[in-house]
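One chain, chain A, links the two complexes that follow: it is found with chain B in the first and with chain C in the second.
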Partner chain A sequence: MFTEELKAFRRLGFRHVLLQVLNFASVIASGLMIWKGLGLLTNTESPIVVVLSYWFHGTRFYRGDLLFLTNPASERYHTGDITVYKIPGADIPIVHRVLETHDVSEKVKIPGLVTKYPGDQLLLTKGDNNYVDDIELYQGLDWLERKHIVGKNDFPQLKYALLGILGLLALIQRE
Partner chain B sequence: MARTKKPENGTSTARSPSPSRASSASPSSPSGEDKPTGPLSIIISPEDREAIKVNNANATELKNACDDAMKRYLSRPELFKQIYLHTDVRLGLGWLSVFVAAGTAFYGYKVEFEKSKPVVWAGLILYILLTTLQTLYAYFIEGDVVYVGKRKTFSRRIVSERITLSSRTVPVERSKPPAYEVSITYVRSTSGGKSLLAKGKTHGVREYNSFFDEEGTMDQERFERWVGELVEQAMEGKSS
Partner chain C sequence: MALLACIALSSFLFTADPKGNLSISPVRVFPSKTNRYPRRKQEMGFVNFNISADLTSLFHWKTKQLFLYLEAEYQNTQGILCVNNTVVVWDRIVRRKEDAVINFAGKNKYAFREISSSFKKVPSSHYSLKYNVMPYVGVLTYGEAARTAEAVDFVWEEHV
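Showing the complex of A and B:
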């Protein structure tokens, strides 16, 4: 099966093989770097996520939808923001809306969370399709803190922009 | 004695390493003056050839096939030895950037996001730097160059030759089919490069359809004859 390729490689030499493998590896490397770069720019470890769960199904999002996340460090989260959060101990991140925010006024230690200082935020979320808030999902915690949040979905229009660009590329490229 | 350009039929002197050029083994023995052998005088026997077939609608494939054929043609024994500087720089920078990317991604995967940020920033910037260097090198220094070769021959004195070939595709213009343009720069010197013996610069343009048929099979002999003539013209010090 590989005799054709092996013959060609022996004829063209070692450097040629290295070049070919490099072409392939560079594509992967550039993809990785773009992903990491995007993560640094948006300050979130997962700048693009796919909706897996059923919770938001039937509202604004459907399973398989793309979400573009940002997580600006200095901005406060507001009630109504759509956030993606991850509870340590749970495998999958959850896409829900912020129901309540609580601003800490004095230094306090809440069980399960990092010590809170004035200005820190605590969040409570709820899925649009659910009747109750997410307390049961928090695995014992009463609130979410900022470090649980992966990001918020502030730019739902980006999803359409990306699809538009991909469609345009598919049309423009020959063959 | 005139130097014959047409090699004798039936003799395959290509593979036999004949050290002395003045012997009658090579059909085009230079007359008196030490002119090094040009590529046309060394024949390839038909059995040594492998057929080349490409997609003749794809100009990139056509150019690559011509470039590869040229490199093989000039790198045969008794002819030039390829200098791999451009290739090695591209390989070095390229593989380095791949390892930087892989290392950064792996670090970001292992270490928690907030803590990993400074190192990931450093890795990203290093990657962008290496990629920029690669692009600049390829555009400014390497350019259209396809082959750089050198040869040292020892007759009465050490003669060093250096040949550089660049090529590009002349794109389709109204009813003119795409063509292959090759430029050759040649320098022959001695005494460690201090005294110049010959210097030539030639270039030629030929349409791709004169080398490739409808199925995309390459007429290697025709291509090699054309390139060989251009090279030998450059070796004689002509400039065009």
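Showing the complex of A and C:
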């Protein structure tokens, strides 16, 4: 099946094949660098997230939609923000909207929790299409905290729109 | 990439800032219990409100849908706690321009409760109607359509 390709490779010579392999590797390496660089820039582990399932967000985010995340370290989260969070013990991050925020401005001991310090936030989230909040998903936690949040989504890209635009771009470049 | 950036940036060109009206009755507080810890007492607040707003100006070619939400803001600064709280009590998803004229009177969809289990130390609350424009492609934008001018009190009821 590959005999034709093998013949072509042999014709081109070993150096050429090596060059191709190196090209390929450098593309992968630069991709990885960009990914990590973006991660540093936006202060989040996964700056670009692909929606795996319709149910994660619920407000008509379809499978394959891309979300660009940021996680500014000192900024507080507001109600209405779409966040991606991960509960320790659960594998999958969840993309839901913040329903409640409780910001501590002085050191305080809240009943049922460890002491909270100024700047700490307690958050409750909910998927837009769900009837109830996410408390059942928190695996025993009463509130989410900043440390559980992977990032905030300010910049959703609908998969088809994105594909359409990239397609247009490709067409234009060919001309 | 540049095209994508252009389209995304064009969302900044749309500067609609629709406003509406909001009226909230005093919040009625009832004693209750939490779902998760059945023996712990928890006061529940019931908010009755009236909203009217015309948000059609937020719908343009890039708008996929609007997410509207009514949120309560209050501080608990007496006693040992010093916490700023914002709680969404009602929301609605608007998918069509025709549905963007809101005239709604109702009560809170979601439980309104204080982390300290009681509203007794909370003097009053403010309410604001906010929206989130969700585009097909581009940046999410947020805005506020209405806000209560005066603080809303809490009223305690003896029986449910």
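Observations on the structure shown:
Just so we're on the same page, the second predicted complex is superposed on the first by the 123 of 175 C-alpha atoms of A that agree within 3 Å, B and C clash if a C-alpha of one lies under 4 Å from a C-alpha of the other, contacts with A are read in each partner's own complex, and residues count from 1 in each chain.
Following the convention adopted for this analysis, contacts are C-beta pairs under 8 Å (C-beta built on N, C-alpha and C of every residue); 3 or more make two chains touch, one makes a residue touch a chain.
What you see is a predicted model, and the numbers here were worked out from it, not measured in a lab.
In the superposition on chain A, contact is made by A:Met33 with chain B only, not with chain C. A simple residue count on chain A separates chain B from chain C, and the partner touching more is C. Shared-chain residue A:Asp142: touches chain C; no touch with chain B. Once both structures are placed on chain A, no chain A residue is touched by chain B and, in the other complex, by chain C. Taken in their complex, chain A has these residues touching chain C: 59-60, 78-80, 82, 97, 99-106, 108-111, 122, 126, 128, 133, 135, 142-143, 153-158, 161-162, 165-166, 168-169. The residues of chain C lying in touch with chain A in their complex are 1, 3-4, 7-8, 36, 64-65, 67, 69, 71, 80-88, 91, 93, 110, 115-117, 130, 132, 134-140, 142.
Contact residues of chain A toward chain B in the complex are 11-12, 15, 18-19, 22, 25-26, 28-30, 32-33, 35-37, 39-40, 44-45, 147. Listed in rising order, the residues of chain B touching chain A in the complex are 50, 68, 84, 87-88, 90-91, 94-95, 97-98, 101-102, 104-105, 108, 113-114, 117, 120-121, 123-124, 127-128, 131.
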